Amino acid sequence: MSAAVSPLEQMVVVLARDLADGELGAAGAAALVPMAAIALARELHAPNLTVGGEMFFNPLPGHLYPSMLDDRALGRCEAAETFIELFGHSHHGLDFFFHSGLQHDSYGNINLHHVGGTLDAPGMRGPGAANLSYCHTSTRFYVCPTVHTTRNFVEKVDFITIPGHLSGPEAKRAAGLKKEGPRFVVTPRAVMDFDPATLRMRLKSVHAGNTSEEVQRHTGFDLGIRGDVPQTPAPTEEELTVLRERIDKTGTLRA
Amino acid sequence: MSAAVSPLEQMVVVLARDLADGELGAAGAAALVPMAAIALARELHAPNLTVGGEMFFNPLPGHLYPSMLDDRALGRCEAAETFIELFGHSHHGLDFFFHSGLQHDSYGNINLHHVGGTLDAPGMRGPGAANLSYCHTSTRFYVCPTVHTTRNFVEKVDFITIPGHLSGPEAKRAAGLKKEGPRFVVTPRAVMDFDPATLRMRLKSVHAGNTSEEVQRHTGFDLGIRGDVPQTPAPTEEELTVLRERIDKTGTLRA
Amino acid sequence: MNDQTKPTRRSKVTRLQDAAHLARDALQERPELCLGGLFKQGRPVALVRGLLAAGAKDLHVYSSPGAGYDVDLMIATGAVEQVFIPGVTLENRLCPNFRSAVEAGQVTAHALDALTVVGGLMASAHGVPFQPIDALRGSDVLKHNPLIREIDCPFSGRRIHAVGPIRPRVTFLHAQEADRWGNLRHLSTMVYADQLMARASDMVIASVDRIVPDEVILDDPSRVTVPSHYVDAVVEVPYGAHPTASFPHYAMDEDHIDAYADLGDAARTGDRAGLDDYIARHVTRPKSQGDYIEAVGGAEYFARLEAETRKR
Amino acid sequence: MNDQTKPTRRSKVTRLQDAAHLARDALQERPELCLGGLFKQGRPVALVRGLLAAGAKDLHVYSSPGAGYDVDLMIATGAVEQVFIPGVTLENRLCPNFRSAVEAGQVTAHALDALTVVGGLMASAHGVPFQPIDALRGSDVLKHNPLIREIDCPFSGRRIHAVGPIRPRVTFLHAQEADRWGNLRHLSTMVYADQLMARASDMVIASVDRIVPDEVILDDPSRVTVPSHYVDAVVEVPYGAHPTASFPHYAMDEDHIDAYADLGDAARTGDRAGLDDYIARHVTRPKSQGDYIEAVGGAEYFARLEAETRKR
């Protein structure tokens, strides 16, 4: 298993390791990496992890699809639901969910509505987002954009579509956000977490082939780097074999 | 077609004639006569009448069943719904519905809860009723008990399970009952309607083989009989033939 | 690396007696039991008998808005304190033990309506603090219904009703099929409130006519009525809905229910021996569903009920 | 007496153009149009094209919470005034004409979330004046969402949200099958909000891949997803969802959508000729679905999309 680990594969493995057996979780529309992570966790250590909350349960796709709302990918699954059941799940919450956006800021807030201007007169109008609930009704969520630049990692988002930690513990409390919120930000370059006291994002580990200086240079705010930053534990041979042979048979994550 | 018309067949025909093409309606649990009436109307003059609102659409049972909640009778139908959809129908209302109870009173109110005593210490505890909404969200309803005696036709019910006209126009308005309410009371003996001014029940016609005096004698309140009461128009040969050959093949209505 | 290294998913298939004990223990924390099906269709009667044999007491019983035999039997064995079911009837006749116990003040039968029960289950399933109801007028039930209250509608300005969440501690369901993970398939045309109850409840235990291979579920996921996520235990019980129907597998046993009701009527007039004997033969004494089937009449008897569903 | 005397039930089968005119006239009374499916799945695109060809204007467009190609196309033809859809995207890229029109202030794109839209449809379907929502916190969308308001919860005492009924004047759905009476069957695994929309709307028009005999419906009523009671007209349209998918009959046509999006991106930078030509070839000029199929690439082209659904 000497073929180079791709950045997306590294992301998948980091996320999979944090999902526990018996949990319930899902991913939204753009879900290539999250769905691979869930599948990997189910194969390796979480056979009782349930994929659910997004209108289907435990899909068994023949290969990875870029959209998990593709009925080709979902045609084979254990059960289907509709938006009425999703309404209920959104209130009851999941154990975990995944998000990414146009902009991410230093408190893990996510913007999908507009960059520049105002909502009514936007510089650039984004897609918006469907479900705003799982980010705080669920026990935790992960932020996992597949690019990491100063353009999408900014000090403060222009519009908070998906609340992360807002501006810290005080604001979070005032808004009634009671759950953990974003736990990790996992990108092709690195893993970030949040300072428990301030809830500001900080660099946790850098993937092989990256340095903490490079990661900081591609981030539009201070990542609080103090001294050496560990390297993200590389995928084990077992992780990589299972990922490539059972989940991503067509190599989408390496494309 | 000289075989005698049974009282239940007469009831079915009276009810069927009042159902119009294109309407939506249903009957509750004890629904032998109503479901036969609906089926007869659909065969004769109302092909676009939809049976719906009670969790199934347009059943095509092989023969009449005493309970229309019997899956033997419903196995062949156009669609099935659940109590969530019934919740919606109950608010939107149907065009017609059917009710009967332990007691019926002079204003068409129906009691299914208790006879004698109080709700908490009942003399006789009845079954209660599931859906109390169709009687006033629907355009109209029919009262069609299969017995007609001074015991079940009383001046005032001990408990109003299904509101009819309450104590008249004033009370009905105060309670927010805005639809027609009970239109006809059809029993094995006669057809009753309601005085438009007072909303009290009055004798409209007597079935063949009954006299108005007999009907009054079996009714626990004054039926407002003034002069001659017409006879209920008997089933036509076509009505009886279709009823017996296509709907009640096993003769349940004549048993 | 081969498939053997894949860790094992936990099966939810449970023995009837174990499921009954699971339910009994949960109901000791909070006695709110809910039963699936409707009247004589798709009722989880084997689970009810198991629970009674396990010694449940002081139950608060919910159901889809109409119930009969099973609730009456639970009352006959003294297991029920309160009934939250709008309609309690055998349809062709009244429920004898329900009547007796309510008239004697031994059981509280709340005056309710279908929309309150369904709305309460909806609120629980949807995870919201209440469900608005705007179709209740003029009935004396409104004066007694303990679950609803009047509220000012913030949109229409009118006074309407609202019901808070009904969250059963345990729900028993009966379906025709399930896989070992607990994905349920109702093959009956009618599913009533079973799906709603599953979503509204803390614990769901289902009896099924048969456990099917995983592939049956995966090849037709749209047919799954209750995803396993909502199901805690599934029990394969032949004729588990008897004497109610499990369409299209077997019809309701109206003769059995009528004979039971006759015993209940006799008990009303002072002769309880027949009813006690019925309870002993069908609830207390059977050690298994096989014993129950023998007590009812054996395989030949049930073959008639199976044939009945094909007659329509 | 024989069966000939039985009066005739009215078929709901309608021609595409007639259905489009029916919808256009209704939308002139009240411009609230709702579209079934989700993103690139099960969208009633042929009906949308028909409506655009019939000359609809100033539409308020609703959908399940995620939409893309069809809404973008409607905006490109100038038919849309307001968009009430939480997420508008082609998934792999942004919607070019949506972006342009919103950034230029020609179209209002309201900031909404899924629960508001679904809750509003639920309130309408259930016939209640509002649906409580208790899962919205911290998002800037709450400051702009025009459909929700804060209320005092009569049960919890907390401030929660509520949405009034969303009642589309017309809803377009796409299903795989229907009978002539309008009973719809989704054979796709996912049905999204199609059933809810049907129950919430004044008028429902459905396109289907094929009309099936009555017996297909009667032999398996549980498979009917939308009973005909809710459906006003049903149109048999081969490839009526193209370029979105009608699983399991044909896959989404991602190449077609990408080529369309390239034309939209070109229009953003000033070159609208390609986009105008696309609209002429696919919307304005075709006199029938047959013409459309030819314009897209003919039978052979669509055979590839059919084969694609069997590849998983």
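Letters A, B, C and D mark the chains as written, and numbering starts fresh at 1 in each.
The rule is short, and it goes like this: a residue touches a chain if its C-beta (ideal position, glycine included) is under 8 Å from a C-beta of that chain, and two chains touch if they have at least 3 such contacts.
As the structure is a prediction and not an experimental result, all values here were calculated from the model.
A.B. asks: Return the chains shared as contacts by subunit A and subunit C, ordered by label.
C.D. replies: D
A.B. asks: Taking each chain's centre as the mean of its CA atoms, how far is subunit B from subunit C in angstrom?
C.D. replies: Subunit B and subunit C have C-alpha centres separated by 29 Å.
A.B. asks: Approximately how many whole Å separate the CA-defined centres of subunit A and subunit B?
C.D. replies: 59
A.B. asks: Find the geometric centre of each of subunit C and subunit D from their Cα atoms only, then give the gap between the two centres in Å, rounded to an integer.
C.D. replies: 39
A.B. asks: Can you list the residues of subunit D that touch 2 or more other chains?
C.D. replies: In subunit D, residues 127-128, 134-135, 189, 191, 221-222 touch at least two other chains, as defined above.
A.B. asks: Among the residues of subunit A, pick out those that touch two or more other chains and give their numbers.
C.D. replies: Residue numbers touching two or more other chains: 56, 75-77, 80, 84, 87, 90-91.
A.B. asks: Graph shape for the chains shown, where an edge means the two chains touch. Line, ring, star, complete, or other?
C.D. replies: other
A.B. asks: Taking the top-of-page definition of touch, could you list the pairs of chains it picks out?
C.D. replies: A-C, A-D, B-C, B-D, C-D
A.B. asks: Sort out for me which residues of subunit A touch subunit D in the complex.
C.D. replies: For subunit A paired with subunit D, touching residues are 29-30, 55-56, 61-63, 66-67, 69-77, 80, 82-84, 86-87, 90-91, 112-113, 117, 119-133, 136-137, 159-163, 166, 172, 175-177.
A.B. asks: Which subunit D residues qualify as touching subunit B in the complex?
C.D. replies: 1, 5-10, 125-128, 179, 181, 183, 199, 217-219, 221-222, 224, 226-229
A.B. asks: How about subunit A: which of its residues touch subunit C in the complex?
C.D. replies: 21, 24, 43-48, 50, 52, 56-57, 60, 75-81, 84-85, 87-88, 90-92, 238, 241-242, 245
A.B. asks: Spell out the part of subunit C that touches subunit B in their complex, as residue ranges.
C.D. replies: Touch list, subunit C to subunit B: 38-42, 64-66, 85-89, 91-92, 94-95, 98-99, 102-103, 105, 108-109, 111-115, 118-119, 122, 134-141, 144, 188-196, 245, 247-248, 251-252, 308-309, 311-312.
A.B. asks: Within the complex, which stretch of subunit C touches subunit D?
C.D. replies: These residues of subunit C touch subunit D: 127-135, 149, 151, 153-156, 158, 160, 162, 164, 186-187, 189, 191, 221-223.
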